[in-house]
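Each of the next two complexes has chain A plus one more chain, namely chain B in the first and chain C in the second.
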Partner chain A sequence: MTDLVETGTRSVGSSASKSYYQGDAFAARLRQRYAAERNFKIAGYASIGIAAVMLVVLLSTIIGQGYTAFWQTRIQIEATIDPAEVAPVGTTDRTKISQGNFNKLLRDALAAQFPDITDRSDRRKMYDVLSSGAAYELADAVMENPALIGQKVKLWVTASDDVDQLMKGYIERDAREENRKVNDIQLRVVDKLTADKNIALQFNDTLFTRGDSREPEMAGLWGSIKGSFLTLLVTMFLAVPIGVSAAIYLEEFAPKNKLTDFIEVNINNLAAVPSIVYGLLGLAVFLNFFGMPRSAPLVGGVVLALMTLPIIIIASRAALKAVPPSIRDAALGVGASPLQAVLHHRLPLAMPGILTGTILGMAHALGETAPLLMIGMVAFIVDIPGGFTDSATLLPVQIYMWADSPERAFTERTSAAILVLLGFLVMMNGLAVFLRKKFERRW
Partner chain B sequence: MQLTVLLIVLIALTVAGYHLGRSRAVRAVGGRIVQLHSVPAYHGLYVALWAGLPAFALFALWSMTENWLVLQMALASLPERLSGGDISTLGLLKADILNIAQGVNPGRDSDPAVVAAAQHYNDLRSLGDWMVLAIGASLAVAGLVYARNRITSALRARNRVEQVVNWALIACAMVAILTTFGIVFSLVFEAMQFFAKISPIDFLFGLHWSPQTAMRADQVGSSGSFGAVPLFAGTLLITFIAMLVAVPVGLMAAVFMSEYADPKLRNWVKPILEILAGIPTVVYGFFAALTMAPFVRGLGESIGLSVSSESALAAGLVMGVMIIPFVSSLSDDVINAVPQSLRDGSYGLGATKSETIRQVVLPAALPGIVAAVMLAVSRAIGETMIVTMAAGLAGNLTANPLEAVTTVTTQIATLLVGDQEFDSPKTLSAFGLGLVLFVVTLALNMIALRVVQKYREKYD
Partner chain C sequence: MQVQTNFAAKSPLPLDAEGTPIKMQARGVKVFYGPKQALKGIDIDIGENKVLALIGPSGCGKSTFLRCLNRMNDTIEHCRVEGLLTLDGEDVYGHNIDTVQLRARVGMVFQKPNPFPKSIYDNISYGPKIHGMASHKDEMDEIVEKSLQRAGLWNEVKDRLREPGTGLSGGQQQRLCIARAIAVSPEVILMDEPCSALDPIATAHIEELIDELRENYTIVIVTHNMQQAARVSQKTAFFHLGEMVECDDTEEIFTNPRDERTQGYITGRYG
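Showing the complex of A and B:
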């Protein structure tokens, strides 16, 4: 950069035969400058590379850990539904049937396959290849079809998480027994079942139909998916009308005065307030002051709505700003009132942009966890929430809770839950991109 | 039940009001609509608003205050010997009344006075609901009749309706102010209670953090000390590590994207950064705790260092990755705002591209970049999930990134998760921390926004 200046002084003093530009010093400096240029460019590539590599590592570890959770080991059991243990033949009353001792039926069925295992503690080990939820599955099957009482049934029931991990190859068979989660008896049972083709990896529908559970193999995401859905519904019904209205006012009608400036400063600051502070607000105001129920999608939705409000306002204002003023002038010119000009003409034209911003805001809210921890949404909730005031947990909070569980099977499920969450986010963002592409308009 | 009926009645009356008002307006001018001041639909809306608004306001007010109001009245009906207790027994009493009122057996024999209060509670509730139903419905009918009778050809229905809409829009814009006030008041109010128990000096400058308070007087080791300096130090340490990753990488990525990359490459790189920005923080936290922390630990041990499994380094690195897109998109904006003429001038003097960037573009964009970094710092300080999942819990005053430290947000999250009573300093300290967090991030944002504004004006 400074070469030009220097040339002026140096060329006079340099040797007569070579001009300054042909001198070695110049060539060396030029090489140096080009090297610096190259290094700078490499640094640019490197930083992009770091970002890309981190993304790939992140996604690949989660997919690598999580994809197996979509399959679950099940064991085929041939059990006799003994009327003495369940209910007399012909019973159709569901509660009566549900009180039956299905655990014993399952155990008897297993024991019948392995008559040589007689020792009490060995038998107990053998029973542990089945999940503690297997009895409920058998009970459900009988409740669905009471005619099964007294019959022999063949049914696939869920295996315990340790057997599941063994089948997926996460537990080393060669390890010594005391270092292995699956003991020798269970290994024998599993081998026999494998030989008889009575054990198999099947699609894990439990993951998508059940609520949370302490047993990894019985734990599902449906409760938290529904909780997230209910919460986002509340968020949407609050944040979208209020946000769009606020944007209309600020963009179209607000006079330039102190109050308007104050509102704008507030919105900009709210957009940058840490999300956990919204949780504190929810705890102090909604739970303590208004006495709203803990862990309810209603409160979660309100808190997330306050959090996404600035995002929606900012996006809606940008969308409204993008509509050319000539539209308004034309509407006013043919006699529309200012409000009519906005509601009938400018707002519909800005709608695709507003919708895109709204969806992105909702996606942001779907992934948010921290404020929900404050208002009691980290609770162990088995039931599927049915309404806005039921106790519920949300998808990201479920991920947070499962991530804390020590079982290997829960790590797998956490990754699977993350994949489900990312799936929803991809869908929402995809929809936003689609809307933008479809309705994008250059004025 | 009554409230649902009221809601249905109100909706029906509002819809009816619209049609009645509309037809009335048309009839008032004998079908010659041109003579009306406004389009008939506005007369309909005018009547509908009169019918619906007051009654809906009453409905909203009642459903928000009902629980609290009725409970207070029920508590007031209790004899002195029961209601005279302190806050915690009163809380139990409230829970008992609510449970009995809902038909849930509290599991022990209840005081007959409490049962009576619960009965009273139920009676009051249903009485109140009936009253609100009656008042609400008559309000709606009265409004409907009043507005309908006012309809003449000269009624400026559109202006009236638009006025209401205008006020509604203003109210919506006010929600932003209300939220800010809600945050400030809830933080300040609870923090004041905390500072009444623990002196602010001890809190801000104390070197020892151990919020477990003793439940019994003879309990050992849980004296409860609230010196927050270890938390501030831990937060700063993790933020510093995150910035070491995010600022160079984010800034270089922005420079590269805006100055070097051709459109084809940009189409590839932009989505990468956008995906990084869109990944929920809980996912980063999971990654930090289960992948990054063991990796850092293993790496450290392989060269003979002892690394904590909750090291600040792991949390900070992942947080840095999370903030890369934030820094890069903000810097991208400011770099693009530097006028092309500055670059052209530099090229004209024979500078290479990197020389132009380093000596012309970046200095020109410096205020904006500083602001971007400040926003990123504020983001890192307020980030919760990564540190809650991957950083430690013990208040450890150290500058060694290989040890476990705890942060302000981690403590807030762990102090307030689960059931808590609201009079112990342990719980209240979370609000003290929240106040500090809010003030610091707010200050950073305000300054950064001001800097950006100033900077923008310079080149506009």
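Showing the complex of A and C:
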């Protein structure tokens, strides 16, 4: 700075006119340049700020709506396992036990707690505080431990979704009875249970261990998580080897001519094809022509693999292209064959980029619903898939179906399912970052 | 290819005017990059165990010619080579020549040091490994040590063979690349401006090395540095605009050039 001033003074001293760079016109220009830079910075901050705010709003909404779904109201019941209703004392055969009338046991247990409710319709209302799945929970407990037959059992069973919503504060107690999902009898029952500490919010393990259900309190994500896993497994084992091999061939071996240009243009176009088109393709080719099973992770995986292939090919080619050609020259120079030059040198160096592209492609596939629409994977499927050809549904499909359900309890479960899906996506992206760091090398 | 017989010949190679066996020979070599002609008919004899320097202004085709000698030009799209190029009398571009074999026999050192991003040991052992030159780890260790010794790098790196080759200094990296080329026991080593990215001390190292390597290998070196050409080579060829203007003994070229373009270049009038 001082140098500049000195030179300036000297030049003014030696000659009458200032140089161009010391003139006012240049100073104004300089100010303008800095102003442009400042404005650009402000615009940048603003965009980042807006993006951050939107993300926060999105996440806080989902979390705010969804966190309650991780808890579920349960009611403690003291039931007598009457051998007359279930099976003789000493029975261990599970199927025999499962045929018992556990519903009646639960009802009797409730009735015993509320002897003053005698009217038939009132009793029915009272029974409805329990989930229709509660009988299965009691049955499961007895099947696990047949020695309980003939004994008194204390057991936490799932409450109905309306009672659950009431406990979570989503249902107004002061509303008139006909406008309230929980009627007066049920309110009385819940209040008594609360007073006796026989009703409580507990961790909702049902959400992670069961398949879908029409009853919100019995509905879980495990079926769709497993379906997503099986489908992505198929996608990965198809798309990654084929995509990477295609990228290697196109980048390293294919002659540069009209045909490869045509293929390249088409691959780029395929990456932009609406995903539902892949679903139609899957329906026409895999289901109708090859007669593969409907709703199966196998078909879903193949369709998603087709959708992911262009992404993987483009990312892998870019990664291979980014490896300096000097490495290939070095390998060829010591007499490596072109394939050896690729497999031993260029591919390992391109690995971080390939992995990043692959995992992002897989994450994209994980969040896709449209292509599954046509192959019957957007369906209400209760059973948990055991293999690649069983009927299954996927996480995003589950979210869509729950969002479509009228029950209030499905609203929070939808948000919870979104959180689970986001969790998996974050895990996959974290894996991508980890692998990139691990394989990254300098050259 | 006819083999000339000579009563003094120890090798079956044809001899040049001074009685040096000709390791590689170019006759009318033309190279095209698409429609553009880069070399317009080159005739050159490369003597066994000699250093041939290729000099000339940028873009004159010296590197192109060098890359023809081990067919590295094959990797360049739309590159076409015409004319005859032989190694030990065998057509380099013939049908029965395999490029993998050719490049193992004619090794190459590049302008920018390009070690693999692997350990020093792996850099050297890669070539011998893919060619199956060592059946034992001991043999491989020996090859690595010998190659590094020949390249004058052994004393500097013997304690850190497992460290990455990219962590060495520029001059050391270039010697590592030379050691890597030597490791596969080539007959000819091509060097494409091997010192252009190096400081004078590292350059002096490499020049000394080239002089020692001459005993066992035939060397062709492209250089922009005329003092270097004068120091390390026995023969020098001057290239200009895709033509080989003149090829003669190095001393002859630098003291008594026949062509005025050569004269102009070596005296620094252009290029």
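The rule we apply is simple: the second predicted complex is superposed on the first by the 382 of 443 C-alpha atoms of A that agree within 3 Å, B and C clash if a C-alpha of one lies under 4 Å from a C-alpha of the other, contacts with A are read in each partner's own complex, and residues count from 1 in each chain.
One rule holds for everything that comes next: a residue touches a chain if its C-beta (ideal position, glycine included) is under 8 Å from a C-beta of that chain, and two chains touch if they have at least 3 such contacts.
Predicted, not measured: the structure shown is a model, and the values here were computed from it.
When both complexes are overlaid on chain A, the residue A:P396 reaches chain B alone and has no touch with chain C. With both structures placed on the common chain, the touch criterion links A:S47 to chain B but leaves chain C unconnected. In the superposed model, A:L280 lies in contact with chain B only, and not with chain C. By the document's definition of touching, of the two partners only chain C reaches A:L349; chain B does not. In the superposition on chain A, contact is made by A:I418 with chain B only, not with chain C.
In the overlay built on the shared chain, the residue A:D329 is in contact with chain C alone; chain B does not reach it. When both complexes are overlaid on chain A, the residue A:S337 reaches chain B and chain C alike.
Looking at the shared chain after the overlay, A:K256 reaches chain C, while chain B stays out of its contact range. Residues common to the contacts of chain A with chain B and with chain C across the two structures: 337. Against chain A, the residues of chain B that register as touching in their complex are 64, 67-68, 158, 162, 165-166, 168-170, 172-177, 179-180, 182-183, 186-187, 189-190, 248-253, 255-257, 260, 269, 272-273, 275-276, 278-287, 289-291, 321, 324-325, 328, 346, 349-355, 357-359, 375, 378-379, 381-385, 388-389, 409, 412-413, 416-418, 422, 430-431, 434, 437-438, 441-442, 445-446, 449.
Of all residues in chain A, only 256, 324, 326-337, 340, 344-345, 349, 441-443 touch chain C in the complex they form. Listed in rising order, the residues of chain A touching chain B in the complex are 1, 3-4, 33-34, 36-37, 39-41, 43-48, 50-52, 54-55, 57-58, 61-62, 65, 241-243, 245-246, 248-250, 253-254, 262-263, 266-270, 272-281, 283-285, 288-291, 306, 309-310, 313, 337, 339, 363, 366-370, 373-374, 378, 396-397, 399-400, 403, 411, 414-415, 418, 421-422, 425, 429.
Contacts from chain C toward chain A in the complex involve residues 70, 72, 75, 77, 100-101, 103-104, 107-110, 112, 114-117, 126-127, 130-131, 164, 166, 177, 180-181, 183-184.
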